[in-house]
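Across the two complexes that follow, chain A remains constant while its partner is chain B and subsequently chain C.
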Partner chain A sequence: MTNKSGQAPVVPGLPKKKFKLMNWVWAIILIGGLFVSTQETNTSLPVLFQNFSNFTEIFVEMAKPDWSYSGTVIPLVLQTIKMAILGTFFGSLAAFFYSLLIARNVVKNKVVTGVFRFIMNIIRTIPDLLLGAIFVAIVGTGTFAGVLALSVFTFGVVVKLFYEAIETIDNGPIEALTAVGANKWQIITDAVLPQVMTYFISYTLYAFEINVRASTVLGYIGAGGIGLYLQQTLDVFQYERTGTIIIIIVIVVVLIDYISSKAREALMK
Partner chain B sequence: MANANTPMIECKNVSKVYPDGTVGLKDINLTINKGEFVVVVGLSGAGKSTLLRSINRLQDVSGGEILIDGKSITAAKGKELRLIRRDIGMIFQSFNLVKRSSVLRNVLVGRVAYYPTWKTTFNLFSKEDKQKAYEALQQVGLAEKVYNRADELSGGQQQRVAIARVLEQNPKIILADEPTASLDPETSKRIMNDLKMLNEKYGMTVIANLHSVELAKEFGQRVIGIRAGQVVYDGKMSETPESVFTNIYNGGNGKEAADD
Partner chain C sequence: MEYKQLAPAPKSTAKRIKTWLIVIISLALLIWSFTDMDFGGIKPSAKQIVGSIFNGLLHPDWSYVYTGDGEDLLSALWETICIAFLGTFISAIISLPFAFWAARTKYKHWFTSRLGKIVLAIIRSFPEIVLALMFIKAVGPGAAAGVLALGVHSVGMLAKLFSESIENLDEGANEAVIASGGSKWHVMMFATMPNLMPSLISNTLYRFDVSLRSASVLGLVGAGGIGYPLMTALNYRMWSRVGIILLGIIILVMIVDWISGWIRSKLV
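Our next item is the complex of A and B:
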């Protein structure tokens, strides 16, 4: 580009970035906060290193797994997976219908969506182990408590992801279906669901991955599955048995994660 | 056209004011007879879409009454409203197909209001309706795409699927809201010809909002000009002088028609 007189135009130098005091203030507050938190929680790396020998000791014990124990472990792992499957199924099923109820492009009444969203948020705040403890208190120890806990937990995971997916769909097909005289449920099945079903399946698989992991520790609080044996073997220092359990759990979790994420990839194409 | 003087759509003192105070329609009085091909012209924001969307009540009006084949759609509720809508097809600027569904499924959707809810839930469309859907696709030249996913089609093809959907619905009225606005001139003509076919072959009453004066002149039998929510012109296309378009598009003070 040239200016009117034919000379090369004067290119102004890149202006200096403005100094922003507030950024520095925030950085100092954050770093200060980190120090205060370490003090308050007695976090101390030296303690971890001083006792590192304990860890290596346990690790060495665990590294010699007692394979004869796997005959006991495998049925229990299968039971744990069954818990995860049932929990995922019931939780997702409830989440499916609940999501339709709180998606603002499906239910236009803001009072309805507001109330049901509030309930959903309360349910979502309860962590899975607490849910397990609550259901053990209600229905007693055993796998049923675990299934219930996983159902509610799955519901919390899937409902949030799914209703947000519903709210991002293209509104056009909804209009088209309204225009041909479809009723509300027909609009849902013919305009909404075809756009979000793959998301729903994907979120359900994702919840299943989380559930397989979560279900292995639920036994700790008596909610069924392998967790109980994890706790017992640790308590009596049978580390070689603990090692067997952990190795089998790791193999199963990795396998399920792999299959599930491949399935989700294929779905999203 | 047969039954030339049976009113199909009657708008009586129809007005629409949006919640923010914008006036969409102002005291519209119109009678559109069975079998007419009407084009509605006007600037963007003049109220063309509002008028069309009021006729099948995708939008509620604030005042006045609209009668469809003698029945008031503005007073209808629930099932009654859905039954009136069943007789009104609509073509949208953005096609409004379910992109992840097959072309066939998108065409069948035109028929859902004839089915009980549980049947549509499980996708139980009758053999006749599936056959009809296939024939509709043949009519618009997309028979070989019947099992493709809708998002694999070009814009022009998607709009033809939407036309097949209307054929499947077999309504008395077709509302076409800027059906060609997102298409190239050649495809636009093809779409307009399809609408003309629906009008002539099946006797459907067509109301089309158009941006293009050229297309309006070629296909419209009757022109309705809208400016600022009011009908400023209504007459036969053959008797409409050029100055009318100039007025509509330039607010009455321009010299040449804004022809896009």
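Our next item is the complex of A and C:
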């Protein structure tokens, strides 16, 4: 390629990328991790594809739902929603008071907030179904175990969001009330809460969405709600009934998610 | 001395009615939830069991931590990590095309992206445990079923997060590549993907945290991981073993949360 004067034009290439050692280290960790975890879990795609007909068979049977069964399913779905509402209510109520204890702009003592935060972090690590299994062992099977599990789970989800909301508020009103001699409780009700209430409601709704999802499977381990029937129908291979349950669950969950997310959008406006 | 009262803040009647309506509906729902709830059936031994669990937590069965035969706490936790890792990786790969399908961009019809979003919502709502049971029928009980269940279920949430990052992308880089004559492939490789990468990695790491918690409960239905020994210990009332397993899960989740939080803070 030549131009008028017979010289090759200088085509500026893209600037060379800098060699970054860390990127290669991450890539090696990723590939090594994939190799090791495939070995450890014995995951093999050929086995999956060989038996894929078993998997699709269940799907095909589920796709022919037994609508006469929905009369049994719907009351239980309502019970499941009740569990989710109660769990959300108790969990966020506890989180409300707890978050005031661990917000550093409300409680100035770092030892107190530190200890309470540590407890909070421990509670947050336990997954919903494990809480369910533990509460079933404690209070026995039934909806009460489910409500307790959901309450503790909700607490873990929202308490962190709550206290972070409190810590990001404008400190002006707090200082103003402190300056005129307000006590702790007056500061909380008149300076803190008005600023965070919409966030609290929004987070509670968010927790409710998660709880509706979680509550549908809690019954599987005996903690009340529709999950019990999920287990029973699967155990006796009545997949068309399982299909009915799943379709109703999916419709309810998607509907509640939609309503709740619209409500949150409206709140935040 | 006389204080002058400030004028009250103006309030519109419509707004007030709306607020009260919401409050009344919420209260009604709450009261409805209390109806037909069976709070009476608490086992009389409940108090004693709570004591036993706390006792188990304080006096965990240390001998279970490592026994060398692969049936101990460390190997079960390791299996849990592997399930979460592989499951998250699979779901991240499946999520990419779904995310581009569901992202609302100006290059495609709104109907397409809305359909993609509905499909993702359905995947999200499909109970993970049922998915695990279906995969158990396909590949037999064990960790592999857990991996596949996580891999498919996580797509619902992960692809949603991915599609939101795609929607938030800055159009400038894409347009620059188009303006200098780049093909669709070039736009993808040199503008979209490099810009997208940090948020993809960050979302995937976040999902790994969630998957780790899921992987630790999938064992309750026989899909591998720490859940199975926990269920056994609970059923046989081996409280010190329950204690050590709970401690193991708590420490593992805390460490992984901390590491992934550290990496995510480095990314931004």
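One rule holds for everything that comes next: the second predicted complex is superposed on the first by the 250 of 269 C-alpha atoms of A that agree within 3 Å, B and C clash if a C-alpha of one lies under 4 Å from a C-alpha of the other, contacts with A are read in each partner's own complex, and residues count from 1 in each chain.
In this text, contacts are C-beta pairs under 8 Å (C-beta built on N, C-alpha and C of every residue); 3 or more make two chains touch, one makes a residue touch a chain.
Keep in mind the model is a prediction, meaning the values are calculated, not measured.
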First, second, both or neither for A:G32, with chain B first and chain C second: neither
First (chain B), second (chain C), both or neither touched by A:Q195: first
Partner touching more residues of chain A, whether chain B or chain C: C
Which superposed partner A:L177 touches (first chain B, second chain C, both, neither): first
First, second, both or neither for A:W185, with chain B first and chain C second: first
Partner chain in contact with A:E40 - chain B first, chain C second, else both or neither: second
Touch list for chain C against partner chain A, complex: 29-30, 32-39, 41-43, 46, 49-50, 53, 78-79, 81-83, 85-86, 89, 118, 121-122, 124-130, 133-135, 137-139, 142-144, 146-148, 213-214, 216-217, 220-221, 224, 227, 230-231, 234, 246, 249-250, 253-254, 257
Partner chain A, residues of chain B touching it in the complex: 56, 58, 79, 81-90, 92, 94-101, 105, 109-113, 115, 117, 120-121, 162, 165, 169, 175
List of chain A residues in touch with chain C within their complex: 30, 33-34, 36-38, 40-44, 47-48, 51-52, 54-55, 58-59, 79, 81-83, 85-86, 89, 121-122, 125-130, 133-134, 137-140, 142-144, 147, 213, 216-217, 220-221, 227, 230, 234, 242, 246, 249-250, 253-254, 257
Residue ranges of chain A touching chain B (in the complex, touch as defined): 170, 172-173, 175-183, 185-186, 189-191, 194-195, 198
